[in-house]
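Below is one structure. I have some questions about it.
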């Protein structure tokens, strides 16, 4: 017996009737506002080719490490979920078998954001009518396949239906942004923009660093054999990205360490000669964040720092499947000392916008909010990754608002490679922010008219403002 | 004037009527389920001898460091509470005087788990009818003494009444488990099993380490003069423990550091020669956790790691009263780097179960849940020690469920040496979990039927499964 | 159109009707109790001279770094708010312009404690009738100016109206406390007492350390050229302070490090010779905390340790405006190791009271509460600085009460230099504590009569007791 798949209209609101009533009203104000997606990872080819999505496994399972990391944690081999191995070993190709496993284990996601997003995707985006279980998996599979074949489930139709005002990708500096160009040339009017992510040339230990540098030389027409060439090439590529609509850079770093290195050119040469140590790399990365802040001040691009994810904690999975396979684990970060050089040098300039993301929640109230509540250039990105969730977003608001206010935060961004999950993610954020503000109204911290303004700011205006969109 | 001692049937549920109503229903599903106690510290002699408990001071005060640490913090000498001194100095012997002090200061426990457990013990287990204060202390004393004399308050009768399905103790490797044997031979049908706790031979700095090693040699019949003998002796004792029903090992460690030491035999020899440094000990402990994981993979015993308690912070109390006297203080731990070697080597094998306990709550969402939500072998133990409490358990659920789900946690265990407190502790946990799930239902995160399944899993099925009971 | 400025009588209580009703009753018990202010920073000249406060900018903006740090974070120059520059450069002098900026940006404080305090000050203390916005700023300005001219808004009249039972200041050891004396001699009966804050002579790196030492020699009549003289001078000044009503010392330290330095005299000589390193200073500060504890045990003064604020994070602001300008940022602290020497040496003596303040909230439940729930001398100060707020105080109670109870905390203190904000701050604290206890009653953790006693203890009796007032 299958149960109907339901999404309660009051979901994620506090169950106190007074708060729920206020939350509903606030949510109504913003639920239909366009989505601002200034930090995404969607594969643009989907939108370029605009072909029907093939099946639920390829759409929802294989690209989503949030999903298969949980299944893996319960002993289900990643191979059985069809995720391709980089060493060419076979993995499951029967999409129905993959989906059956997901159905049988969907109970694992109770109370998780993946569970919440997926239910909403299944119902609202994919037209599924029954709850996903082992028993209903094939019925759901068929419903999804049937729905994916319809024209209004083509990627671009979805994009329009999702009401996405702007979608950003993350691109290496040497990228020619040809997919962006082709999309624009296709006559489709959607605003899809790149963002500048130079991790692969700034971090000496990044896979294939030297090749990445060579590609940067080629793309920029500037010889990156020297440090000064490298810097000029980056400046030139930023210019190119900016001309293609780019408004922001993004930096994924292990720690938030920043500091000018007087010997940056020597560090760079050591890396060129394959002699850079971990310490050299640490210092160079810290130096390059300073340089990136300088360039952002000059060209006006918002600078995003994502600090504190230890990548590829599990070498077995890395060896078999490569990067971004659900093995990145947050670490403690020291924002107060690590960001001091950058903030001291550039943080007093209100023309600069540096958006900080951290997964070390103990830092929200201790360091992040006090810093953002003082330095004009610093803003706080939304609750990141594992904390992009009902409880996680609430903790973020509770622990940052009192010191930094909401106006030193930048609203929501979805940070996802799972295209059809975008509306669910924004909807969850809008609901949680409505709930947070409803509590402030019901407890007479703020007035209703203030909350109405604030929910619009959080859902729409703050991201537009801080990413200069 | 004494007030009646009352326990409200809705205690610890959220007061929101909708949530309270759901919590009640969930709690009803599990309140009478048998208790699974896979991690306890009860002195088995109590159950072997099955003699009446003498009086409230000996039953409730002298063995309970949760209780006298709080009294001590307010300036009450531990001596005045009858806790024996290891140097033979006298302490209070008048049990009524001891109980009078507890009565006069029971207000200190308002809002604490000790207060909650004790009220329930007094009422439900010991039949006390009035609230404990300085005025009523002697009246309560008399009520308890009268009740303890009744046959259904004999230890085994209590055990049966508590509905304990299985109770584990914690035993050193050289222990002959004779008390366990005698209990079995007595014809009493209760399931009381040992667990394997090798801290006293793995940690060179443990009191009387060399004697502990000698006893291990003796018990195993293997000469532990060499490292290889030591390892074989441990394997042999694990085998013996397993034959006596043991299902789990337990490791109390200062940090969660793990790493193979190629020179483990040399470190062991240095310890044998009394020359091991703190650094040697640190490395050897980390090495032995690796070895214990290997053995657990081989013999199927669940491995428990309790990391982050700095033992005996107060040397004055240690000198006077010895270990486990309320002077252990949690420290910050780094799970992500410290557990990496162990998880990389053994954590991908779903046949292994490693249960991690931490008191560093800043790690719940940052490190513990992300690790447990990825590695098949890793599960999270319940909120531990100071956090085995109404707020502590809620924080644990709120900060781990979104990333790891509830199925990478192992339900509740009581971790107590206070035998009559066992039902109160499980009841508190069942109430708090019911409350947590009720919130998820009332806020439409999960459906009622899902919550009904989950509360049974948390209260009963998950501990059985993860301890292979 | 201006909206009326309202303060809801149920503000900051939980909106659950049952909890709100209980919170109301608890709050009624304490809302009119006298204010105990044992840790303040009010400029006593205000109370000595007892002249009318000039205008809202000078009263509310220029001295309040909580306020202008937020405005600065949004790009508003501190100069434009009239805060004086130490280099003599001009800053805004038009008080109406300053107030206009505050009005236009007051929305930034939504949800912040500064917003909550200020609304209550404007309405209850200053008689403002409309909400502060850009439109109403001048109207509000005029209302405030008119009200400040009234006799019952003179500083002493306010002091009496606020129902302040005792107000402490923070004073350097060489201070002659003449302002305190003049106030006493003026015949005004208010209890205004000094507290002993020796940071400026204990910390070698404090601005003008050598001059501070010279002044200490002069004030004490003891030559501080040697370490032993320095110690005797401090003892003598403590005696003098005590004779003037002082009941507590206060120590602002970067970390909580404590340890006796056998070579303290050498460290002191190095500092005298201008040769002390940072490490020397670190060790000397740790040593002096030990000495201060010893002296407190001897003279009975309560010892306050405020650990974990990194001062002057922003050198630009420090250069322009000096210390205490909103650029201090909390850091992570290690209480368990750092306080061990002090607690081991003095912490077992219940005659000593050491009150610990930390802004590292991850330490509340992990280290602070377990330590305070064991050592007789250690008590926890209220949620400090950035956490002196609605959410911050709730987190403090939730994370400390279960382990330390409320009786190892010391109630509220306002820690403010903003004189007219004192009642708002105490009122917020009383409301939040009422709310916390109401939850415990509604969830049947404690009984109503217990909560009624506890709210009185938190609001009034605990600070009196722990500061020996």
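Going by the order they are written in, the chains are A, B and C; count residues from 1 in each one.
Definition applied: a contact is a pair of C-beta atoms (placed from the backbone, for glycine too) under 8 Å apart; a residue touches a chain by one contact, two chains touch by 3 or more.
Computed from a prediction, not measured in an experiment: that's the story for all the values here.
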{"item": "Chains touching both subunit A and subunit C", "value": "B"}
{"item": "Interface sides of subunit B and subunit C: same vs different residues, half threshold", "value": "different"}
{"item": "Chain centre separation in whole Å, for subunit C relative to subunit B (CA means)", "value": "40"}
{"item": "Residue numbers of subunit A (touch at least two other chains)", "value": "16, 362"}
{"item": "In the complex with subunit B, residue positions of subunit C that touch it", "value": "16, 18-19, 334, 336-337, 340, 343-344, 347-348, 350, 362, 365-367, 369-376, 378, 398-399, 401-408, 439-440, 442-447, 449-450, 453-454"}
{"item": "Touching residues on subunit C, where the partner in the complex is subunit A", "value": "3, 6-8, 10-16, 69-70, 72-75, 107-113, 116, 131, 310, 313-317, 326-327, 329-332, 359-362, 386-387, 389-392"}
